[in-house]
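Shared between the two complexes below is subunit A, which has subunit B as its partner in the first and subunit C in the second.
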Partner chain A sequence: MQIANANRLTPYLFLAPAAVIMAVALLYPIGYMIYASFLDWNPSQRIGEAEFVGLRNYIGLLNDAAFLESFWVTIKFAAVVVTIEMVLGVGLALLLDRNIRGMSALRTLFILPMMIAPIVVGLMWRYMYHPSVGIFNKTLKSLGFDPIPWLSDGNWAFASVVIADVWQWTPFIFILSLAALQSLPQSAMEAARIDGATGWQQIVYIKLPLMMPVLIVTLLLRLIDAFKVLEVILVLTNGGPGLSTEILSLRISRTASEFRELGEAAAMSNYLLILLVILTFAMFAYNKAVEARTARLRKAAEEDL
Partner chain B sequence: MAAKTYDRQNPAFYALLVALVVMAVGPIVMMLTTSLKLNVDIMSDSSSLLFMPTLRNYETALCDFLWYEADHITFCDKTFGRALVNSLISALVSTVLTLVMGCMAAYALVRFRFMGRDTVSLSTLAMRMVPPAVLLVPVFGIWTFQFGIDGTRAGIILVYVAMNLPFVIWILQSFIVQVPIQLEEAARMDGAGPFQVFFLVVLPLIKPGLAAAAIFTFRVAWNEFLLANALADRNSRTVPVTIVNSITEFDIDWGVIMATGMLLAVPPIIFTFVASRQIITGMTAGAVKG
Partner chain C sequence: MPKIAFDQVSKSYGVVEVLPPFDLTLEDSEFTVLVGPSGCGKSTTLRMLAGLETVTSGEIFFDDKPISKLDPKERDLAMVFQDYALYPHMNIAKNMSFALRLARVPKAEITEKVERVASMLNIAHLLDRKPAELSGGQRQRVAMGRALVRDAGTFLFDEPLSNLDAKLRGKMRAELAEMRDTIDKNMVYVTHDQVEAMTLGDRIVVMSDGLIQQQGTPEQLFKEPVNTFVAGFIGAPTMNFLDGELVEEGGTQWVRGDCYALPLPADIATRLQSAPDRAVTVGLRPSSFTPDTTQGAPIELKVVVSEYLGAQSVLVTHCGDAEILVETQSASPVRSGTVQTFGVLTDEIMIFDKTSGLRL
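What follows is the complex of A and B.
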């Protein structure tokens, strides 16, 4: 009797620690944040002392030019970065999907940039962009060109931040698309080759369509992560000059720590979260749709037999 | 098995490969060489390849661990050494805790199936999407006013464990599914209890998954800046926080800062070389297998 009881309790015992930690340190804070976004709250107050202001934070933000600017910068950054990385990453994967010696060593070197700390990535690039000691301007000068104001001009600063992110994350897309390429059915490729498809035709009509499900998931994963970028930009430009590189995460942390407006920062976090929820649901819905479609196709194929 | 043959490629292809490798590794190599230079060499206009490598910058950063007197150090700034200890402790402890809890939860979810795999992967995805910046305000408020654990290592570890759990559970799940149930039934037949089955039968079989999960968790905890910055006080600061603090100073000492950056980058680099296969498995598991 006692053993049966123990067995029935086992799954709960196994789950309990993880569930408790996540409830206390993840779900509770998120709920707390949603509540805090309706408050006028500064860091020296306990939350109970903060004044309830309803939707004031949200409406105030919509009329706040600086917030709208950084919302726009965030979206621009994510769109530009993800587009460049997808093109480069998928292109490289198609190009390097060959039977060559040392492919695994190559992949190892390519994942280095994403393993090291974003802070360190920012540090390296800040050094390379440095107006006098950085390698870019040193090279430009020795070739007789004018130095470029990498981090001190708004447009260049945005470009610099994009370059650093592309350097760090293109390998992610590359590795995922390479894995997708190598798991494609060989028979389809062989059939195309026998039918006389050229290299381009194979890529456009066979490889890309077959890779599409993985590519979409990769795209969305990368897009979600692009909204979370913070440290690299913090180290490189700290959002400046002006607001040219101030993405939303950065603005949230500055609103909380410099302007001491916790309620407003929470409302901003909520806007960011809503954006990401929409993206995530798009991804999940897509996954479901694809699964449903393959199931339907398989069923149709079985009925034909 | 016959030796694997490789296709010959044309020279332009190899040139492209070399260019890509230089681009990927170049900035890291540059950080390494800068960290081995004196400031005189960093500032000089001449070509950067000819210089006398020196460990001075590392000596400055790690001065409180030196067993000898370095004569160029007049004042020992202990900030970095202390931060390194903090970083190591919080990353290691949170990795161990996350793995233990994550393993147990993943096992329960797979074997006792009282929740669909769909629910789990949906919630994992949902948690993955939460940016650390979103956790900043509530975690700061709760840790300071309700739990009273702000400024302690325990506080930082708690956030890291919670942040990493969803991903770890998700990864381990896909490995546990592959363990044949017959093995477990055989063990139970021989009289093993559920905990014995788990620790003695299942765990040894999912070692590759554990390695991948451990590396990812350690990396997140080791590299994280934002929450550590909000929660840590002078004594519990981690390395990323000290690095950011020292570059906001007016006069940047590039040599020393690159040395600290290098020290922060070393553990992830080692993991990459030792376990790149597991890392790639962990990275692709989500997207490619679905």
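What follows is the complex of A and C.
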């Protein structure tokens, strides 16, 4: 009896260290942040001295035009970069899914940008965007065109950060799409050829629909990441000019360090967290739904026979 | 329904030649089975015919039209794959109608054709389902249906039954045989299973190591194999091969080995007059033995194991060092471990050249 009890407890014993680390490293900071978001808290105060203000931070933010602008810029940024990256990444994967000599070297080359630290990417692009000595404007000038205010005009600055992000993260979608493509059932593609599908028809009717589960997960992963982007934009524009490129994480960091409003920054973080949690749950729910459906159908089929 | 002709067709991957140049003609409306062990080149041959593999040299003709440069879709053929190759994201009706939809056949006609074929194959109630919702046997039927809907001139089958369990395979084999008789099309069928080949083929092409060993009707292959490979491949249980020596004694040709001596019938003896070598390989089918010693020539065998198969039993016996399989009626049981005398039906003895393996 006692041995049986001990045996039942064994797995929890093994899980315990991990659970403790989870609690300390994940739940404690999140709880701390949620608590802080209800406070009017200045960095010079200890947390105990801060005044409890309830939901004031949250309500205040909803009426704060600068915050809403940041929120909008973030959503616009995420939507634009992820759309462009998906189209380019999937397109490249479709193009390069073939056996050509040197293809493996080429693939490695393609995913290089992803391996560079974001801060370096930011610096690199800042030099390239430089109004007078940057390679883009120098090239434009030597070709007789007017230079472009890459980082000093609101619209151009937004485009510039989008370009830098697309450059860095398209490879991520590319490698996942390529992996998805290469794991597709080869015979289904051959069957489509025999059924008379042209190259385009194979892509549209067979390859893309079959890649869809991977593409959806890729899309959500990229979206979640795009909402949290910081370093590249910090280095490139620091949110400017005006608020044109001030994405949410930048605003959070500025609220905490420049405006010294820790409670408000925590509330902003929580808004972002809520958005990401919704996205993540959407992803899990989608996966679950797909799995449940397949399982149910397979069961139905087996009972049928 | 063209006549298909391979003219000196070969296939190489880089420097590796998997199929040396060969000729093969498949007559119109014939059910041809390409059979051989894995790696013999039968699937490659089929895939070249389908246009899924390029032809390295030579040409394939449909009637007199060269087709080796054409896309699969221009060859007017339909194919059933080993893993069925259904489109997982389309329901059964969409799977079956994919080719017709691509060809922009009118909707009403598509529905009519799909329903007709589906009811013929007993899958009409599954049209709304996805492939993942079907059992293996149902998927197999859908794959078959997808090919039939096309109404193509030539049907290709790439080991369509090998993913099914034994019982279902037998059932589908019978259905295929029925289909063969009702549908007047060219059918080319690849399998490694000689039973499928024997039961389905109007004509069988036996391949090994990229070479066509022999082609002919099932009966020709069974009764008149040209070499030890074909003799060993066709027929179950497989043929027994023994080392032997031709000797002449008292006006009769004998073939003699370590533990046996069998007189050869006159017609074989005459043919063997010109045999270059006295050392030969003797082929004896398990069915050529009878427990009735008054028939045929006697041979003494030590019974090691008796495998009971129902009406029949297969005896694993030893003759000196050689193992010999003997097929007997289970009604007259034979005890393991005993030495028994069997009669050998000498008319069915086959003599092969020891080095080349060719039938003498």
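Some notes on this structure:
Note that in this section the second predicted complex is superposed on the first by the 279 of 305 C-alpha atoms of A that agree within 3 Å, B and C clash if a C-alpha of one lies under 4 Å from a C-alpha of the other, contacts with A are read in each partner's own complex, and residues count from 1 in each chain.
The rule is short, and it goes like this: contacts are C-beta pairs under 8 Å (C-beta built on N, C-alpha and C of every residue); 3 or more make two chains touch, one makes a residue touch a chain.
A quick note: this is a predicted structure, and the numbers were derived from the prediction, not measured.
Measured by the number of subunit A residues touched, the leading partner among subunit B and subunit C is B.
In the superposition on chain A, no contact is made by A:I148 with either subunit B or subunit C. Of the two partner chains, subunit B is the only one that A:V217 touches; subunit C does not reach it. Applying the stated contact rule after C-alpha superposition, one finds that A:N287 touches subunit B and leaves subunit C untouched. When the two structures are aligned on the shared chain, A:E190 is found in touch with subunit C, with no touch to subunit B. Once chain A of one complex is fitted onto chain A of the other, the partner contacts of A:I84 are absent, as it touches neither subunit B nor subunit C.
Once the two complexes are overlaid on the shared chain, A:Y205 sits against subunit C while remaining clear of subunit B.
Only residues 6-7, 10-12, 14-15, 17-19, 21-22, 24-26, 28-30, 32-33, 36, 43, 46-47, 92, 95-96, 98-101, 104, 106-113, 115-121, 123-128, 132-133, 135, 138, 167, 171-172, 175-176, 179-180, 183, 213-214, 217-218, 221, 224, 227-228, 230-231, 234-235, 238, 248-250, 252-253, 256-257, 262, 265-266, 269, 272-273, 276-277, 279-280, 283-284, 287 of subunit A touch subunit B when the two sit together in their complex. Chain contact summary for the complex, subunit C toward subunit A: residues 50-52, 71-73, 77-79, 81-89, 98-99, 102-103, 129-130, 132-135, 137-138, 146, 150.
Listed in rising order, the residues of subunit B touching subunit A in the complex are 5-7, 9, 13, 16-17, 20-21, 23-25, 27-28, 30-31, 34, 42-43, 45, 48, 100-102, 104-105, 107-109, 111-112, 114, 122, 125-142, 145, 158-159, 161-163, 165-166, 169, 193-194, 198, 219, 222-223, 225-226, 230, 240, 243-244, 247-248, 254, 257-258, 261, 264-265, 268-269, 271-273, 276-277, 279-280, 283-284, 286-288, 290. Residues 185, 187-188, 190-197, 201, 205-206, 209-210, 212, 294, 297-298, 300-302, 304-305 of subunit A are the ones touching subunit C in the complex.
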